[in-house]
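So, here's a batch of structures to check.
Common to both upcoming complexes is chain A, partnered first by chain B, then by chain C.
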Partner chain A sequence: MPQPLRYLQIFATFARNSLIRDMTFRANFLIEFISSLSWVFMNLGFYILIFHYTPSLGRDTGWGKYEFFVFTGTALMINSLAGMLFMTNADNFGELIRRGGLDFVLVKPVDTQFLVSLQRVDWSSSGNFLVGLGLAVYSLRCLGVWPSPVTIVLYVFYLLCGVVILYSLMFLLAATAVWLGRNETLFDFWFYIVSFGRYPMEIYEGRFGRPFRWFFTFIIPVLVAINVPSRFLVQSIRPQSLEEWLLPLYTIAATVIVFAVCRAVFQLALHSYRSASS
Partner chain B sequence: MTYPSPAIVDTIFAPVYRWRLWITILRISIQERIIYRGDFMLGTLMRFLPIITQIFLWGAVFSALPTGNGSEGRIVGYSYHDMVAYYLLTMLSRAFSSMPGLASGITREIREGTIKRFIVQPIGLLEYLFFYRLAHKLVYYSVAIVPFAVVFYLCRGFFQETPHGLVWATYIASLVLAFLLGFFLEATLGLLGFWFLEVSSFLFIYMLLSFFFSGHMFPIDMLPEPMATVVKLIPLQYLAYFPAAVFLGKVQGAALVTGLLVQAGWVIVFAFLAQVALRRGLRHYSGFGG
Partner chain C sequence: MAAIEIRGLSKTYRVTRKKEGLVATLRALFRPEYEYVHAVRSIDLTIESGEFVAFLGPNGAGKTTTLKLLSGIITPTSGEARVLGHIPWRRENAYRRRFALVMGQKNQLWWDLPAAESFHLHQQIYGIPPDQFTRVRDELTEMLGVRQLLHRPVRELSLGERMKMELVAALLHSPQVLFLDEPTIGLDVVAQYTIQQFLREYQARTGTTVILTSHYMKDVVVLCRRVVVIFDGQIIYDGSLTNLVDHLGDYKIITIRFSDGQVPTDLSRFGKIILREPPRVRLRVARNEATEVIRAVLARYIAEDVSVEDPPLEELIAALFASARNSRLSQERGNSAVPEDTTHSANH
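Moving on, here comes the complex of A and B:
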């Protein structure tokens, strides 16, 4: 069987097993499903409240209420995909190292990073994805302009780039567990850094905002993860001139680079792993 | 010559014994906490990171406000500076009122049966937990004061006028009351564990509501009517919103005193409820084995 197909099949098995596991503890699944949705709705309530008082985020930025909700829908989809596919696994990686469970992963004839990253799928976050999708579609309907098929293809492509960026940053930090032993604080750090990207990058304005925006675009590319795909859907902000296309083009480079760095650090971490007594 | 009987001695010195007991719990708990101080400082500093996004988000919101309707650049009476100052102040309020792990800790003691030791030992569960928590908070403040001072110094520009003496006194009183309210409220929730085996969903709902309605997420004046009135009637606002509003001069004159009195009233209500829940719960409770 060709390699990619084999990996896809392994992933399908992981996803299926996780679903069976989640369905075994159905009440628990339902509670987690509802609780993550409640956080989402609470945040939406906050945003609705903000737009009760202001017509747009920033003067002349084009981020009105429904434009921003397209953005938030996108943010929800990207974050929930990253959470659903990788979060539990990144959490678990520290445990694998502390208890020496990584030994059993290393001996398997599958790429270690693949196995470690995708072993568990957290289906309870799927609700957030659906809400994000629904919100984006609903907001587009309110705006009254439907994107063309080409735009949708571009949107999905950049959405996936966003997921890859968040994944790479997450596992970059997770890999440090090999050297640090414990890295719970680092996970909080990931969460806080990623939450910088939950708003349109135009809000980072002024003497401190500009360097801040630059840093989180070019050094740690969290701002492009959600901003770039969302812009394709919003008519008024969609890249048109060549200059406006520079950011989407850069995003592809940033995705490749940040993933490569993550991969390299992960391999380095595996080389430094010395197992635990077992 | 007659000696006073030991029983009488005990009665006379009972308050002293109690006091010594409290001090001992406090001392042991402080020593236990001090071990983790390094992690603390970093963790606390990191908790300020979301404030960066808040500063820029509100900057963007205020920059786009429609002009010329008489209330220049204000949202429900908050200027941009007030708004950022508000968020910083609620972080301070939460440092007093949040009780991580208190309620879930109590339910665990009930479920696993370790609560038995409080029936046998001459210490009440609530007083032990209170001084344990007080010790945590004291250690927390002594360490967290560094990151708090750094952040407040960096953000000093957002505080336009410093309040006068009376407001300061009310502010500090409301913070102390916020600590007491947070403690007794969560303790009461945790003690529900005597009747319900699993209270984590209750706790989750409480956490959610308190995040939204305590004013941690935004000043509750922003809520539309009739929600604003309802939210001001429930005790959650005293955990975060009220102290911050006092400091910013949003509560003035007689409202300052009534607000403080109502807050104290809620503390008494929940202290009473916690006592009742504990007493009834212990009667309801049955422990088996060891």
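Moving on, here comes the complex of A and C:
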């Protein structure tokens, strides 16, 4: 069997086993499902409230109510995919290190990072993804925008780039567990960083905003993760500067680089693994 | 070609020296002091294909560390090892497909799912053809008597049943080399016995090369002809179990049951009395005097029953460890005058 197909099959089994497990504890699953959905709806309510007071974010930024909701829908999809596929696993990685469970992963004839990253699928986050998708589609319809097939392909591609960027940052931090033993606070850091990416980059303007925008674009490229795919749907009509054209190209480079760094650090971490006592 | 070849293999861990008290802890935060733990010190070992070898040694002797090095879980500080021609810590898939590791203290099956689901996952991870998978799985679960438990969640299994499932999971891909790290730890005698019988039968049939670590001498006696005793990271004995017993056991245990319910009071002149429980007495006598003592006792008193045994293996091994510890201590005392010697952890 060709390698990629085998990995896909293993992932399908992970997803299936996770679902069986989730269904064994149905009440727990429902509580998680509902609580994360209500968090999403509370946020949406808050955004709707904001647009009671203003028709757009800033002046002439192009982020009106529905443009922003396309953006938020995209943010929800990317975040929920990262959460659904990787969050439990990143969380669990510290435990694998501390209790020596990584031993069994290391002896398997499959890429260790793959096994560690995808072992568990958190199906309770799937609701958020559907809400994000629904929100984006609904907002596009309200705007009367019908994206072309090319736009949709580009959108999906950049959405996946966004997921890869979030994944890489997450596992970069998770891998430090090998050296630190406990890294819960460092791991929380991921949420803080990622929350910077949840807003259109135009809001990072002025003396305070510019350094933020620069930092979260070029050093920790979390700002391009959601902004770039969203712009393909609602902003691409009127590119404002040269930067706007270079951004998609840069995003591909940033995705490749941040993933490569994550991979390198992860390999180094595996090399330094000491394995908890018997 | 030998299945496993080890040359000068060493593993040293650097650990921060922990001190008590808040001030010392804060100081250590900025200027940590390290000490070095020599878990494995320059081990040489060759194991032929198809051998069943036991690693014996007290806790912390380096048995598990050696198994982890051979599994490629950790990287050595120095030295070489080849298992089936592969360098383990390169973690090549070609190697990882050919061996298996079972650890009695850790489990790899999904806790909340039936073992059958974990087995299915292993099938995909190892790329086992479906017909071979079904055949091997049924064979192994049949041999271990856990076939009817395949569809019960692992968390509902007893420790023994779970361990048997762990064994099945590890053997599904028919590994050529098997590392067993205390596979019977914490099990009741019946489960222990089943697993021993299984391992013996399985190894005889498949010719798998096996290394076993265990604290139960029974496991070792039943399964292994060759014994490697590891102490303080070094191999202090490598040879057959019978040789080890002959080498160490220079005495015998004689148990006598007197018929009139009275135990003679002058028995201590024959040997050391280790148990006095009328009408029974256990005597420890030098091996070459055993027949002489029995003859003398039987000539003088009326005995209902007499038995002669080798000393229990546990006792022999404990004596071996104790003497190794003593010689290590005296060696260190001698070495402490030579500061440039860095081979002992106590000198750091």
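Operating definition for what follows: the second predicted complex is superposed on the first by the 269 of 278 C-alpha atoms of A that agree within 3 Å, B and C clash if a C-alpha of one lies under 4 Å from a C-alpha of the other, contacts with A are read in each partner's own complex, and residues count from 1 in each chain.
Assume contacts are C-beta pairs under 8 Å (C-beta built on N, C-alpha and C of every residue); 3 or more make two chains touch, one makes a residue touch a chain.
This one's a predicted model, so the numbers in the text were calculated from it and none came from an experiment.
**Student:** Given the superposition on chain A, are chain B and chain C in a clash or a fit?
**Tutor:** Fit: chain B and chain C sit side by side once superposed on chain A.
**Student:** Touch test for A:N28: chain B only (first), chain C only (second), both, or neither?
**Tutor:** A:N28 contacts neither chain B nor chain C.
**Student:** To make sure I follow: the centres are taken over C-alpha atoms, the vertex is chain A, the ends are chain B and chain C. What is that angle to the nearest 10 degrees?
**Tutor:** About 90 degrees between chain B and chain C, seen from chain A.
**Student:** Please work out whether A:W39 is in contact with chain B alone, chain C alone, both, or neither, and reply first, second, both or neither.
**Tutor:** Once the two structures are laid over each other on A, A:W39 reaches chain B alone.
**Student:** Chain B to chain C: minimum CA distance in the overlay, Å?
**Tutor:** Checking C-alpha atoms only, chain B sits 9 Å from chain C at its nearest point.
**Student:** Once the two structures are superposed, pull the chain A residues common to the chain B and chain C interfaces.
**Tutor:** none
**Student:** Across the complex, what residues on chain C touch chain A?
**Tutor:** 13, 64, 68, 71-75, 91, 93-94, 96-97, 99-101, 103, 105-106, 108, 110, 112-113, 117, 120-121, 124-127, 153, 181-182
**Student:** Show me the residue ranges of chain B that touch chain A in the complex, using the header's touch definition.
**Tutor:** Spelled out, the residues of chain B in touch with chain A are 39, 42-43, 46, 49-50, 52-53, 56-57, 59-66, 75-76, 201, 204, 208, 211-212, 217-218, 222-224.
**Student:** What part of chain A is in contact with chain B in the complex they form?
**Tutor:** Answer in residue numbers: 31, 35, 38-39, 42, 45-46, 49-50, 52-59, 61, 185, 188-189, 192-193, 195-196, 198-199, 202-206, 209, 212.
**Student:** In the complex of these two chains, what residues of chain A are touching chain C?
**Tutor:** Going by the criterion above, the answer is residues 1, 6, 9-10, 13-14, 17, 20-21, 24-25, 99-104, 106-110, 112, 271, 273-275, 277-278.
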